[in-house]
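What follows is chain A paired twice: with chain B in the first complex and chain C in the second.
Now for the complex of A and B:
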């Protein structure tokens, strides 16, 4: 591996280990020495209702109530469609929707006032069934080839339906934001967040100030996983409106239950797949992808786009037709979560391919292998796989780690004891960076380097370190190009008053896209370096020349410049008495290009894989017919621990990407995406295969195993 | 802010307990999470008399403030209890959590209490000038409710020695491999004398606020050989199936019922 891959101590290691890092909840006073008021949200008790009035208890001095009527700008949070209100309009659309906020000095008193506030509702009929939902926020369709003809000429046609559930990000630090009115009339908003400029855009609109009237700072953030992509924009507007009215700093952070119940999660999905097979090959795929958006559209457009582009998987299928809808239900709005729509469709397509192979009496691994795309093939959107597709070599690597091929044959023989084994394979990609031309047309990232007279260099960019290490890897790249010690380069938490907009911390883009801007900026600085002088250089994003322009209206062109690739094998032993599935081993090969820091990347790969295994197995969350989520604590919503997957082996396959720094591609999301189909396929094999027990849902937990086995008895 | 008394001796503790409205505190692993407003605690975890594990010939006596970790290290604690305790939560919680606290907390999912019920253990309760000893099964009324009087503390748990070396069955089913509350668990001890079952117990965690144990069904095992029981397995299962109750809960009743019946079948197979 390259020199740049060598692991170094993370820049935030010491302050975090020593407990010096200051999270939002740690502020006793603001940095300017002011008292901080506590804000708590008054939330809807109904999934859908008209709010006829709010009756406040007697408000002690220093306590105020804030709602939509206090918003200086307009009551729409800038996300994609801007349909999410800062505070509820005439109706509330989900349980927990913020109607207003009570603000005051004492937290307990604020809680008391919230609990004694009476809201007069006129209940309306909520939509809490995805199968009946009919309001589509987004409705997409694309394809190529002649799907009808392929189905007409098919030897066999397969039709199946797949579902996936919510997934909660379960970051260590819950959501929290604070707003401080400044002496010059500006509003300063900071907190636990991924995308300072997203919050900035939202604040400028809601506060009616324009971009110069606000600035946003990212505090030390205890994990995001996508959960802090859009939500801090909403909470940021709420605390800013409150701070404006109170003319004092206001902070709001949630307790765990509030966070789990009322902040965005992964979209539940319902995917209907139809595939045509002719002469032993899949010739057509027609799929309908439905995502449960929740009550407002927030990020559903882009989550859905990524999901449907991945819907045909990594298979060379000549005829493709895909429809995708994000439907409204009266439930908490879903948002971003590592993988961003792709885990849902990869679950469906991987299970579908495996079921077809079994129905045809073919070996699943070989059946998939003969359909893999390769370099130069067309993508689902008529773009190209411009670079090598290393999947076959990666399957071999995983086979070496796990003995996949032998075990897969062995476990496909009939099993009858209490404990039964299976091993499942998934093969997939994750499109690196933004979908489509967003990077070129919307983000237009800018990054700067500022050199001080003493020779230290500051990175100026808007990407948040949320544990993935950009405070370390950005300086590492710059120090490497400038050939100066790492201690001479630093990257502070971004404040939009100081840093250019290098885009949000999403889509596995930070290192690949912004890291490359910084690498080029560093070369520029090296070339003009004058000892002892203050100097600044700037780089702007340029789309790589090879890219086929993407048109969102017809889903045509290169949706991504390149792809990160993943191969997972998960081996299980199912206890048929208890339904408990013991994970004997989880094995993966990941190609994220060059790992700019080996330990950081391996941490991402192992952590993301484990998160995916949770999604596949035990992380179950759902709402009832009233739109209420019950699994809202870590007692009822279980995530895997280290002892649940003791044998977790990951290897890196490096296919360098010429337009990423030193060959790096998107990394963060990839490891989560393929765990669900690998796990569920393993359980399916253990239960006797798809003929006996075809499985169609994730997560698949012990209760699901028992109800599946109980079908045999009945 | 936590308020409380930290007595140095059992006598002092009992005196405070008799006069003040205090919550007995042994390990605090549940109490500190509950964090009850205005609570005043009686810290028992520094009192030596409550931290002993002793053998009086008839019983293994476990002090209420003995931690799970200490229990796991002791040669006196029977294997069935060790198996259950080793699967409680995670090491940090086992270092603080106690046998007395697990019982006093009155959870119907308490792993060590299930073993006590299965073994027919007793609990020794103390107040100023008074001692009560009663079966754990009687002490634990239902979830959130025990027979502990306002002036009493749990002093010891008494495991009958004749059950400590007996063959046993234990299986816990949680939602994951660590930090998991029992969804279903089955524990039992039995003795075989002269080729026939001389004693038999089966206690279950299956939800519904109680530990379920049915002496009338257990009586049907006595005097039979293991082979006779296995030959009539379906009869025993039917008896349990009719007796066991499954209240509604987060984990489906269908699941809990299927699993507990499978485990009872497995228990019979191992006799």
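Now for the complex of A and C:
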């Protein structure tokens, strides 16, 4: 591996492990010289209702109520569309929707006032069934080839339906934001967030100040995983409106239950797949992808785009037709979560391919292998796989780690007894960076380096370190190019008043895209370096020359410049008496290009893989017919602990990407995407295969095993 | 003076608030022990774990009155020890700290484990940390860091 891959001590290691890092809740009440008021949201009790009035209890001195009428600018949170309100409009659209906020000095008193506030509702009929939902926020369709002809000429046609559930990001630090009015009339908003400039755009609009009237700072952030992509814009607007009215700092952070129930999660999905097979090969795929968007559209457009582009998987299928819809239900809006739409469709397509192989009497691994795309093939959107597709070599690597091929044959023989085993394989990609032309047309990232007379260099960018390590890897790249000690380069948490907009911390783009800008900026600085002088350089994003322009209106062109690749194998033992599935081994090869710090990248791979295993197995969350979420605590929504899995066996396969720094490409999301199909395929094999027990849903927990086995009794 | 007397990081203190207050809130708000994190306030996540007379407890589930006469150790006290330095180096060596929110609790869990069992097996380490949720790492790096610390700090525990 290259020199740059060698692991170094993370720059934020000491303050974090010593407990000195200050997260939002750690600001003391008078740190800013003024008392910080506590804000709590008044939330809708109904999934859909007209709000006829709000009756407040007697408000003690110093306590105020804030709602939509206090918003100085637009009551629209600037996300993708305009439908998400800061505070509820005439109607509430989901249980927990913020109607207003009560702020005041004492947290317990604020809670009392919230609980004694009466809201007069006129209940309306909510939509809480995805299968009946008919309002599409987004409706896409694309394809190529002649699907109808392929189905007409097929030897066999397969049709199946797959579902996946919610997944909660479950970052250890809950959501929280704070707003402080400044002496010059500006509003300073900070907190636990991924995308300072998203919050900035939302605040400028809601506060009606324009871009100069607000600035945003990212505090030390206890995990994001997508959950702090759009939501801090909403909460940020709410605390800012309250701080403006109170003319005092206002902080709002949730408790765990509030966070779990009322903040965005991964979209539940319903995917209907139809595939044509001719002469032992899949010749056509026609699929309909439905995502449960919840009550407002937030990020559903982009989540759905990524999901449907991945819908045919990594298989060379000549005829493709895909439709995708994000449907409105009166439930909490879904948003971004690591993987961003792709885990749902990869679950469906991987299970589908495996089921077809079994129906044809073919070995699943071989059947998939003969369909893998390769370099130069067309993507689902008529773009190209410009770079090598290392999947076959990666399957070999996973086989070496796990003994996959032998175990797969062994476990496919009939099993009896209480404990039965299976091993499942998934093969997939994750498109690196923004979908389509977003990076070029919308984000237009800018990054800077500022050199001080003493020779220290500051990185100026807007990407937030949420645990993934950019405070370490960005300076590492710059120090490497400048050939100066790492101690001489630093990257502080971003404040929009000081840093350019290098784009959000999303889409596995920070290191690949912004890291490359910084590498080029460092070369520029090296070339003009004058000892003792203050100097600054700037770099702007340029789309790689090889890209085939992407047109969103017809889903044509290169949706991504390159892809990260993943191969997972998960081996299980199912207790057919209790339904409990024990994971015997979880193995993976990941190609994210060059790891710009081996340990940091392995931490991303292992951590993401385990989140995927949770999604596959125990992380179950659902709502009832009234739109109320059942699972809203760590007691009811289980995430993996250290004893739930054995040591994860992960290896890196490196296909260098020429337009990423030192060959790096998108990394963060990939490891989550393929765990669900590998796990569920393993359980399916343990239960006797798809002929006996075809499985179609994730997560698949102990109760699901029992109810599946009960079908056998009939 | 009336109050709840206990030793906090080797210093005697007397808490004069309600005996029913959560130890978590007392530590954070009254004594400014901000390493003690609130992740769920219901005993599930371990972010608020501290040592109570050497035993790992979730401070959100301990009433202030229950610590009368006890010794409480948080990272603010523990970070002054040789054992902490070994653990910190071991965590750093594997980049086992990501978002960092679970880490103070995790370190206290590691300390409780190694104090009771200086040479744990991998399974014993996993068991010892199983009350502390981490959403970032997948646990490999943390488990291996504790294993390395046990090796490097031979004789300290």
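What we mean here is this: the second predicted complex is superposed on the first by the 709 of 714 C-alpha atoms of A that agree within 3 Å, B and C clash if a C-alpha of one lies under 4 Å from a C-alpha of the other, contacts with A are read in each partner's own complex, and residues count from 1 in each chain.
Here is the rule we go by: a contact is a pair of C-beta atoms (placed from the backbone, for glycine too) under 8 Å apart; a residue touches a chain by one contact, two chains touch by 3 or more.
The structure displayed is predicted, hence computed values, not measured ones.
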item: Partner chain in contact with A:702 - chain B first, chain C second, else both or neither; value: first
item: Chain B versus chain C as contact partner of A:635, first or second or both or neither; value: both
item: Partner chain in contact with A:172 - chain B first, chain C second, else both or neither; value: second
item: Which of chain B and chain C A:527 touches, first, second, both or neither; value: neither
item: Residues of chain A touched, compared between chain B and chain C (which is higher); value: C
item: Partner chain(s) touched by A:483 [first = chain B, second = chain C, both, neither]; value: neither
item: Chain B versus chain C as contact partner of A:247, first or second or both or neither; value: neither
item: First (chain B), second (chain C), both or neither touched by A:416; value: neither
item: Chain B versus chain C as contact partner of A:643, first or second or both or neither; value: both
item: Shared contact residues on chain A - chain B and chain C; value: 635, 641-643
item: Complex interface listing, chain C residues touching chain A; value: 32-42, 44-45, 47, 74-76, 79, 87-88, 91-104, 107, 122-123, 125-127, 129-143
item: Residues of chain A defined as touching chain B within the complex; value: 418, 576-580, 618, 630-631, 635-636, 638, 640-644, 701-703, 706-707, 709-710
item: Residues of chain A touching chain C in the complex; value: 7, 9-10, 12-14, 16-23, 25-26, 28, 169-174, 220-225, 255-256, 466-469, 597, 599-600, 602-603, 605-611, 633-635, 639, 641-643, 645, 647-648, 650
item: Residues of chain B that touch chain A when the two form their complex; value: 90, 171, 173, 175-181, 184, 250-252, 254-255, 258-259, 262-263, 265-266
